[in-house]
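Two complexes follow with subunit A in common, the first pairing it with subunit B and the second with subunit C.
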Partner chain A sequence: MIRFFTLLFFLVSNSIFTILEIEILKGSDNLSKVAFVPFGAEEGFEEDYGEQISRYVEKNMLLFGEFENLDKSEMLSYPSSENDFFYRDWKVLGVDYSVIGKVNSVNALGNLNISYFLFNINRRIKILEGEIIGNEDNIEDISKIISNRIYEQITGLRGIFDTKLAYVVNSDADTYQMCISDIDGKNEQILFTSKAPIMSPDWSPDRKKIAYVSFENGLAEIFIQDLQSGKRDSIQALGMTNSAPVWSPDGKSLALVVSFSGNPDIFLYSINSKRLIRLTNHYGIDTEPSWSPDSKKIIFTSDRSGSPQLYEINTKSKRKKRLTRDGNYNARGRYFPDGKSIFFVHGNDGNFQIATKKLSSRYIETLTSTSLDESPTISPNGNIIIYATKDGSNGYLGGITLDGKSRFSLPVKNGSVREPAWSPLLN
Partner chain B sequence: MNRTLTSLNTFFLVLLFLSLIFSMFSVPNLNIDEKQSIKINFYELIQQDELLFDSPASNTLIKKETKKTSAINEKINADETSIISKFKINKLDLKNEITKIKLSKEREDILRVSVIIQERISSIWIKPNSLSESLIAKVLINLAPSGEILNFSLIEPSSNTSFNESILTAMNKITFVEEVLSLERKLFEQNFRNFNLVFKSSGEIE
Partner chain C sequence: MEPIGIFILAMLCQVYSCAANVSDSVERMQYASVAGDEYLQEEKLETNLDDKVYFDFDKSTLDAEDKNLLEQYLPEIKKAKIVRLEGHCDERGTREYNLALGERRALEVRDFLVVKGVSGKKIRVVSFGEEKPLKNASNEKAWAENRRVEISLY
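And then the complex of A and B:
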């Protein structure tokens, strides 16, 4: 009886007082482990489409080092439908998520019907079920759609496997190529080749055009190239030199740098009216503008304080604000897609690294560990930064996830790769 | 017979009422003292350490405290008789000192187990990337004395679905919290029978 009352006493007292709270701030450094089970296929297919699709999906999902995969040789079974799926087979292997699927049929037009499922093994629930119909010639595109949906379900972020990258390749001393490719480096297209430098590519929000700077006529000149037709239009006669074009989020104007009588300042250029509006007017160098996601502000680099620092200007009121103070080199600023933080090149003791900063904080955080990083560009889902860096004299593209768990480099091209620009998402 | 049972029931009820009152006013309060916050995180731990021992070396604290406690106990045991005989020392003060030492030991045990739980959960929680907002979600855990997780529920979810999902996924990975076996039953019932895990994210750049 005494024990009973003692226990009762503790229970009562426990319910009266504040309950113990343990705070969990830090997450694991481990990656989610995903099993990409080879998709099944109905009998009668000449090619093993199921195997191909699951291989492409796996390759996509592992592209940026955000997940760990389970080797097929370790799998205990190869289920292709929900009925054949047993959670215990995956739980024992330490798997967090399993992807299964099946190529069900092909119709008279040669279209495949593919069903797929994603399971959360720890929670023992199916978290995604989908079906897609596509042509057998478009297996890779179908796989990208499936990969995007799986990625979105696991991370809560938009999938980026159908995005593209624009970049400049300097294949030999005096050949420059303006290129675009899929984000995995496939399907490279050369848009323009020149003996003079090409710089600062930027995608229009609808992904149909690219603006960039070319020195083909001796001076820095901005061109807008239509990707479908290949047609190039120069936006000229805006002063001595024009550079660093960046599309506004609505695609109606460009922020750019115009140098009248040798002094670069930030301007807005309306695509339709071809009207130029001055934003800054300072004897210092103002350059590298970039829009905030809500179009209300522009971040730019200026040496007005004696060293390159980042500033923000309101496009309506033209009120300016200095954003960086640490170090004597902070340049090429860009906003995160949420507009709450920025990333930029931070120079310190001769090292140039990619850094981030919350706009609400005064502290900056260095992301990369290489020393000659430049031209950072962020994935449209705000999770990955790709930047140009150097290995000796050879330039290549490196990447890092914002949680710092994964660092990677993109496939090497023939020549130095510079000035990457990540395309927006297709809506 | 009935009268006996009725009076026994009344006695139990009175006892229950008294225990309630007693628990409200006189139980050593480990949980709610502001300075001795029970919210455990890495930063608070350091502050706790400094508060308790005036030492910045958090890793050696528990050892230090154990040594300190046992040393004090030995000293008290050895000297108690002689001191009391030599001086008319206030016995109430002595009792208070001993209670303080006991409380300190209990708090040390709570901290120790809390830190272990914190580390275990951190090691299995795969925090979603690129969270642009500050998020908080609270999970209530119901433990058996064996350490088995009897139940858990997301009592205060955050506004972010993937953040909540990541927490539920992590919680499903763990079935036992064996560390509570090392606690006295009283401490377990007071602090770990039901406790909260507060998952926090301060945004994508921390």
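And then the complex of A and C:
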């Protein structure tokens, strides 16, 4: 008798528990100190939106352990406008940057008008001034926009506080869940639950869809799921198995692995025409493709040399180049957003760790120190890598900032979490 | 018609609508219809033999011991209607590479059986990579047990 896997499928805006929460493990001794002064508010509000917003902004900015904050009790003054701001109050406390702001009601609809300022204390200048209008229900979203702008001004990097993370949760031996959440772990959604393994999630560039591999029909198949409607479609790209889907930067095609008669090779799959174009043709294992940011090249893993190593192929000329030579295991490569470096899993002496390499140099730099690290994903601003690792039999996510300022972990409350995939920015 | 048959028909309609090689779709159909236990209509046969062969890390080659074991198994394998080979890896290394490696291992066993006279048509191959470990632990013993091809007869 044929039994079907029970496929539960539901989209929920808030799950019962939040799975991920970032815990900072090690910060550098040399972090910039930022004072987040509680935002002021005009009288007449029932709730203290000012303090709520500055608290959210502070939490965002501290999320990855990149900054140190100044405790409110140590502050000498609580300015909320430029006129009340005095550099000496902050200089004396060793503060590098101060954030102040104020909430004003703007119209009868109850919309909020929020003004905010960022000061560089050492240079004694205002480096950012902004105004944002929003609804009181969107306080967290407003705070993310303000956080992004402050982060950009201080670091010169794009802010990532409104990005999301996709990941696979294996809560017990026979339950696999495809999940997404905000980057701070909030608003977790379970996209799909299955009794069979789920693998390899990847975001479409517009953040509206996720491609992943599911074994629900007994073999590896690629599905594309629409996040708005929850609708799932198998792409049916033929071959014995389909795996490792990754979206092209223009969102029109997937690079993926098709195994015809048991020989996995890299193909391009056009989402509209459903046409497959073969990229590699080798009797060895070719897998784990990923696009260069300019779409011209695809990095992939191949064991054609006898051990897994990274190669890149020009999608037009099909010219191939070997990228790694040191060590007997270099796999699942991804390009940095600038296209000049790659990050990957590097096997060395029985340890599997996350490593980076400039394309222009031979030298491999290992970033992590645990031994079963895999599935690295990079923040869209190129500054943070989140990866999967293990502690005993439980999988959890680890993170590291590439400037070496911070290490953090995202432990799961139930079972194992793995295969993190960082969403692109919303443009 | 069985529900799975309808599913495959629906899949085939899709398949014919795109630029497709018919033999590929047939291959996939056969594969999909018997890849999981859930899709096998035959009763699983009970055997007294060890039904697993084991591999070295990042290797898919069969050693003398494995071949010996498969040889002993041959009479029963030849009697079976369907032989299902399920390839697995340990947790080390990357997931997608391990998915391909598990397939390699199962195909290595298939090729050996075919050379020994088992009809390739009745052999079904599937890989779960590192997704379904037998032992959920991170040590040499667990890894060795997880690097396996499981043989089921129907």
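Criterion: the second predicted complex is superposed on the first by the 394 of 427 C-alpha atoms of A that agree within 3 Å, B and C clash if a C-alpha of one lies under 4 Å from a C-alpha of the other, contacts with A are read in each partner's own complex, and residues count from 1 in each chain.
We take it that a residue touches a chain if its C-beta (ideal position, glycine included) is under 8 Å from a C-beta of that chain, and two chains touch if they have at least 3 such contacts.
Computed from a predicted model, the values in this text were never measured in an experiment.
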item	value
Touching partner for A:Asn120 - first (subunit B), second (subunit C), both, neither	first
Contacts of A:Asn272 with subunit B and subunit C, given as first, second, both or neither	neither
First, second, both or neither for A:Phe336, with subunit B first and subunit C second	first
Touched partner set for A:Glu288, first subunit B, second subunit C, both or neither	second
First (subunit B), second (subunit C), both or neither touched by A:Ser229	neither
Contacts of A:Gly392 with subunit B and subunit C, given as first, second, both or neither	second
Shared contact residues on subunit A - subunit B and subunit C	5
Subunit C to subunit A touching residues, read off their complex	2-4, 7, 11, 14-15, 17-21, 24-25, 27-28, 31-32, 34-39, 41, 58, 91-97, 99-101, 103-104, 107, 125-129, 131-132, 136-138
Subunit C contact footprint on subunit A (complex, rising order)	2-5, 173, 196-197, 199-200, 215, 217-220, 234, 236, 238-241, 243-244, 257, 259-262, 264, 273-276, 285, 287-288, 301, 303, 307-308, 328-329, 331-332, 345, 347, 350, 352, 372, 374-375, 390, 392-393, 419
Touching residues (chain side subunit B, partner subunit A) in the complex	12, 15-16, 19-20, 22-24, 27, 29, 31-32, 38-42, 44, 110, 114, 117-118, 121-130, 132, 138, 140, 160-163, 165-166, 168-170, 172-173, 186, 189-200, 202-205
Residues of subunit A defined as touching subunit B within the complex	5, 7-14, 16-28, 30-32, 66, 96, 120, 122-124, 155-157, 336, 338, 340-341, 356-358, 365, 381-383, 401-403
